[in-house]
Amino acid sequence: MSSWVYIGLFLLVGLIIPVGAIVAAWVLAPKKSNPIKQTTYECGIETVGDSWVQFKAQYYIFALVFLIFDVETVFLFPWAVKLNSLGMFAVIEGIVFILILIVGLVYTWRKGMLEWV
Amino acid sequence: MVPLSWYLIFSAALFSIGLFGVLSRRNLIAILLGIELMLNSVNVNLAAFWRYGDVTNITGQVFAVIVFAVAAAEVSVGLALVISVYRKRNTVIADEIDMLKF
Amino acid sequence: MTVDQIIFLVIAAGTLIAAFRVVTTGNLIHAAFWLIAALFGVAAIFAILHASFLAVVQVVVYIGAISMLFIFAVMLTRKDMRDQGPQLNRNWGFGAFLAALAFAGLVFLVHGWSGVAKTASAFPSDFDAVGALGNALVSPDAYVLPFEVASVLLVAALIGAVYVAYNRK
Amino acid sequence: MSTETIIWLIPLPPALAFFLIVLFTNRNKALSHTIAIGAALLSWLGSMIVFARALGVERLGERPFTSSINWLATGDTWFKIGVLVDPLTALTLFFVAWTVLMIFIYSVGYHNFGQPEGDHDHKGLPPHGATVEEHGSKHVVPSVEPMYSRFFAFIGLFAFGMFTLVVSDNLLTLFVGWEIMGLCSYLLIGFWYGKKSARDAAVKAFMTTRIGDVFMLLGIAYLYSVTGALSFREIFTETTLHTLQIIPSGVLGFSTAGLIGLLLFIGTVGKSAQFPLHVWLPDAMEGPTPVSAMIHAATMVSAGVYTVIRMFPLLSLDTQTMSVIAFIGAFTALFAATIALAQNDIKRVLAYSTISQLGFMIAALGIGAYIAAVFHLITHAFFKALLFLGSGSVIHGMEHGVFHTGKHEVDPQDMFNMGGLKNKMPITFWTFLIGGFALSGFPIVTAGFWSKDEILADAFAHNLPVFLTLAVAAFLTAFYTMRQITLTFLGEPRTEEARHAHETPWTMTIPLIILSVFAIGFGWIGIPEHFPLLGGLVPNWLHEFVGGTLAEHPEAVEFSWTPLLTSLVVALGGLGLGYLFYRNVNSPAEDKLQLGFLKNKYYVDEIYNAVFVKPAIWFADKVVYQIMDKGFIDGILHLFGPGTQGIGDGIRNYFDLPFINRFLGDGSANVTYFSGEKLRVIQTGRIQQYLMLALILFLAIGAILYFFVFSV
Amino acid sequence: MDFLKDPLKVAADWLLGIFSGWGMPDLWAQVLIGFLGIFILVALLMVLDIFLVWIERKVVSRFQSRIGPNRLGPFGLIQPFADIIKLLIKEDTTPEGADRTLYNLAPILSMMSVLILWAVVPLAPSILGVDLNIGVLYIIAAGAIGTLSIIMAGWSSNNKYSLIGAFREAAVMLSFEIPMLTVMLIPTIFAGSMGIGAITQAQDTWNFFLAPLAAVIFLIAAIAELGRSPFDMGEAESELVSGYNIEYSGMKFGMFYAGELLHAFTFGGFWAILFFGGYRFFGLEQVSAFLAIAILFFKAFIGYWIIMWVKYTLLRIRIDHMLAFNWKFLTPVAFVLLMTTALMNALLADASNWLYIGGMFLSNILVAWISLEVARSASRWERERVEGTGYAARRTE
């Protein structure tokens, strides 16, 4: 039997327990809602405008850099697993791989695109 | 045991749904979502062929990993272009971005 | 019908429903979350196929990174998410027809292919898929070039995308 | 390091330099050229090591340095790419490394490094000079190129392309290098993109060479489909060659080998500017003067010839193809030489002379003189590089004079504005003289003599018409070279500018001196063994070395007095007559050879314009744009759009308006205009609709292939 | 004796016997046993979680010179149970305009992302959990679900504070995942496997002595990943009030809160597993599975205590500083360290054990020292440029 069955069971249990807790609270807790209770919390001040405000592009850029490096590490994990048995050539390949990506990081850094403001 | 054809039909269905999204959605980001579905269906095929072929021949998984890299590159550049277009023209509706005709 | 076939059908059906919602739902953020559900389903399919590495990478890359990118991008192009106009363009009927045609064609090809009767072989006892992947990626007579080119591709995407998305004042 | 590793590494430094400069050091001029020259130096070092080791290997031709890696999985097999150094590659590497390094160094001086920034210089235009105050008076000095770093990035990429092409062991990577050079050529010709002439020249060069490239790609594809291999070592096996020879291609009686050879040769015709695709090369002189010109004389155009030489075992299988090659080469040699007689621009003369000399090599190959072609390729690269750099130096000196007088309308490239530069620019003069004499084939001392003599000797032995054509071309070569030298350097200065010309900085003169050493000395490696007096003093090393590349070692041509005397007569006669004719000519009016058809290059450009360009524009405009795009494609998209405004408008435009309007008697022009205008607004530019159309076609083609083609 | 050595197998065999006695098919029985085992493990974790609340409150009180909960039960031990009862019977409001499905799903996913981490934790030599051969990536994958839940919570609440908090938190979590992934490659290199069990078993020498810098980087990245102070961008009480969970109350808030504490403890555990030998302690783990579990939990508590120590000592860092710290310092250092480690690993492959450990340790220290020096001179340069003194200012004039 695949070990993934256990992972599936874990997912199941991991869902059941929080759901159970929340359902229990839903059963036990009083429900006396009114419009004031349901207003958006903004330190007592009336909400102005739409909550879903537009964000700055910088969020996207950090997510982008993250994505690229994330995929890179995905490539590096199989490399790391086999590193001990593959010898020097594989090490050099990995280093070249990382260096190429560092070039990208340095570029974005130098061009001032990693600044938050 | 699940037959191979089930995987292939599943991936064909996923591909077609993605294709429908690409052809029919108005929003550029939604079009990219459709493309992601299509790329995923390709990966399902690759993994299925690996499993149902010679499992010691890892080529299918190598290709799938490379598809991940391609998908990452595609989506990052694609969304960057969408954001850039939005900044210039204040819209992400594909029909309104028709500069190609001029 | 065996247990794993039932599991497969449940997951596949869930994935396809999620995928269908991706392309039809009006709210883009919901579409992005449905995409996450569909991708998770695909990860489960990988797990059924015993492609552990792909399953986890699917979650790490697609759910952890690509869908985040989508959500951020939606947040950056806010105006149109509230715009509850038609989400499908005028030609959507024809698009649906073409997609159905493509599906029919693919099923037809699968149906006519002799290799479809293959069955999955058992794994060799000491088979290590991740190790084999590592070997294939860095061996000089296998995929070392795609491995290095992948990093070049990623850097090109990084530089290009950051350059395009960056807001020069 | 093993030799194979070094070979792999040779093309890399310039590519890295390109990326470094483009990405990081764009702002810093000194750092940019340091990186570029450093990279060229590394490549040079690698090439020299490989060359030295190649010399040490006995019978290198049979045991070349090779190394290959898997590149592309094609089913269960791998498509391999790799490197190969045999005698031909070793020699080519030698001259490419030297000339590339020389260009890099020369460019520093040519682009006025160290001079101030110009007053009104713009990116994309040549620098106009800067005003400086010195000793209390203002005067104009040359200003530094505004896009200095970019230039070094481009030539770095160019060097990468050239090295890749030279070391590759298969046609595919060779083609990759070839295309990279095509791109760089485009970028460098259009370097001063602010000038319309430069832009046009860049597009012209790109499009013209593209014609050749398409055929070359067809040839490569054909070759791959027949043999399943692109690696030279695999193609040039006896069995493969035999197969290629006996299978007929079905086109005009060519064998498969012949047709493939012909297709590849057309690629060379484009790249090496042979008739009828030679038109781009003279226009390419719009690039930054000597450097891009030098690329278009010594290295890149040599790549075309190199490819033909490389494919010689394949080409030589079909006599028909060989005749075509010999004819085109010889014809180009003569044709270009005649045009060169009437050009007044110092660089254009050299451009046509390049075309002519490349014709010599092609003709030599066409008659089977493999070694002579290689020999001339190398010597020509050195002396033509020398001449071009020299002419750049002259122009640079003249520009100095122009800055001094301030008369910017004076063309610093017109030879009739020069004269008497011998005393102003002694290093340039002497090196130019050496280059010119080498080009003319001045007996015994120059390299050009030995290589050209060998071609003539081979031609005499194998093909008399080619011999006669080449002899005339050689005479004209000597003649126009001497005309150029006389007009430029001898006599008295004809303008104020020439009087104030100046010797150029050391970064420019050092390359000239180094190249002139090669222009003299390189001939000695290939003195025929039966040559009177000198033969046998130095063994004919080149013959042994290069000959080893071929499976059948070519026989040395038997010595004969006729070609030797011919080459002596044409060289000395041409030079002497050139001097006598132009000693006292001071203006174009006095020049008796300014004939209309020569001046206008036999009206080839005009003919092309009338025959190809105009109809193409007409076709694009009337047929493709009006009928295909607007009528057909839009129509299809239109029909499929679900019945909304689109169809309504379409019907209105196609039926209602024309019919009703015509019925009512409105002018038909009105209708056309109105419907076109309507259609334009409604129905194009939607990417998804294009995608749908593509998908329809894909499905249709797929279905046709599946049901009708593969099912049979 | 067997029970002490391998309790899981004994219990499983016992249950299998019972279930088979009921005539249940073997496969179903195994699945049921697995389910029961997992359920018991997760339930125990929830109990542990409850005590973590108490520990957290006690510790923070000591840091702030207070006593903390001391009324209910000895040392206030009953206090967390009172908290739970309060959470259970508190009215649960949903803000208007909230996206209900996502709003309710977010706390569940948040808790789930923590609980599923325990699937791969090797508790004892005989209880390796699910011994996936890609365990290291599994940790990151679970973290991705955590990030997702935060985004979901922030977006669905229809509140500006929560949206901003969630996006900042997500940006920080994404950013710090890179150095974390990178240093996770280092134990992978040493063990030659991505399996957590294999990594534990390979640590004859604790990885901490082979890669001390990696351990430090992992800890920093883990704290950021947890969203705890000084990296608590998502909550940031003083500016965003409570960040992404501002609109949550009752048990849903409880899920976020308990999830955060258990997450911190879990990462303390992973720190111990990846760098301090996990359940291993001079062969003691072989005596009894219970002892091995105790050792692991002891190490995890030390890690958890350090995380708390950092939290209650340092102030929150501004988000731009935080991201700059990650991308301009931590990520490059992590990559340099990875390359150094790979290189040293290949160079010292044939060296004796002590030389290997010494070389690795020294190379780590060297990388750390050089990167700190570079950072120091860079920041001095920056400071002088801003203040207009020193060489930098003269140079840029």
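The chains carry the letters A, B, C, D and E, assigned in the order they are written, with residues numbered from 1 in each.
Keep this in mind: a residue touches a chain if its C-beta (ideal position, glycine included) is under 8 Å from a C-beta of that chain, and two chains touch if they have at least 3 such contacts.
Bear in mind the structure is a predicted one, so any value in this text is a computation, not a measurement.
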Both-way neighbours, i.e. chains that touch subunit B and touch subunit A = C, D
Inquiry  = Along the graph of touching chains, what's the shortest path length in steps from subunit A to subunit D?
reply    = 1
Task = Going by C-alpha centroids, which chain is farthest from subunit E? Tell me that one.
result = D
Ask   = Between A-C and A-E, which chain pair is linked by more C-beta pairs in contact?
value = A-E
Remark   = Most remote chain w.r.t. Subunit C, using mean C-alpha positions, is D
Task = Between subunit C and subunit E, tell me the centre distance in angstrom, where each centre is the average of that chain's C-alpha atoms.
result = 28
Query = At what distance in angstrom does the C-alpha mean of subunit C lie from that of subunit B?
reply = 6
Ask   = When the C-alpha atoms of subunit D and subunit E are each averaged to a single point, how far apart are the two points in Å?
value = 62
Request  = Averaging only over C-alpha atoms, locate the centres of subunit B and subunit D and give their separation in whole Å.
outcome  = 42
Note = Expected list for subunit D, residues touching two or more other chains, is 23, 688, 692, 695
Request  = List, in ascending order, every residue of subunit A touching at least 2 other chains.
outcome  = 7, 52-53, 55, 57, 59-60, 63-68, 70-71, 74-75, 77-78, 80-83, 94, 98, 101, 103, 105, 107
Query = What are the residues of subunit B that contact at least two other chains?
reply = 19, 23-24, 59, 65, 68-69, 72, 75-76, 79-80, 83, 87, 94-95
Task = Could you please write down every pair of chains that are in touch?
result = A-B, A-C, A-D, A-E, B-C, B-D, C-D, C-E
Note = The residues of subunit B that touch subunit A in their complex are 65, 68-69, 72, 75-76, 79-80, 83, 87
Inquiry  = List the residues on subunit C that touch subunit B in their complex, please.
reply    = 2, 4-5, 8, 12, 15-16, 19-20, 22-23, 28, 31-32, 35, 38-39, 42, 45-46, 48-51, 53-54, 57-58, 61-62, 65-66, 69-70, 73-74, 76-77, 79-80, 85-92, 94-96, 98-100, 102-103, 106-107, 110-111, 115-121, 123-124, 127, 129, 132-133, 135-137, 142-143, 146, 150, 153-154, 156-158, 160-162, 164-165, 167
Request  = Could you pull out which subunit D residues touch subunit A in their complex?
outcome  = 19, 23-24
Message = For the complex, give me every residue of subunit C touching subunit E.
response = 3, 29-30, 33, 36, 52-53, 56-57, 59-60, 63-65, 67-68, 71-72, 75, 128-130
Task = Under the touch definition given earlier, write down the residues of subunit D that touch subunit B in their complex.
result = 73, 680, 684-688, 690-692, 695
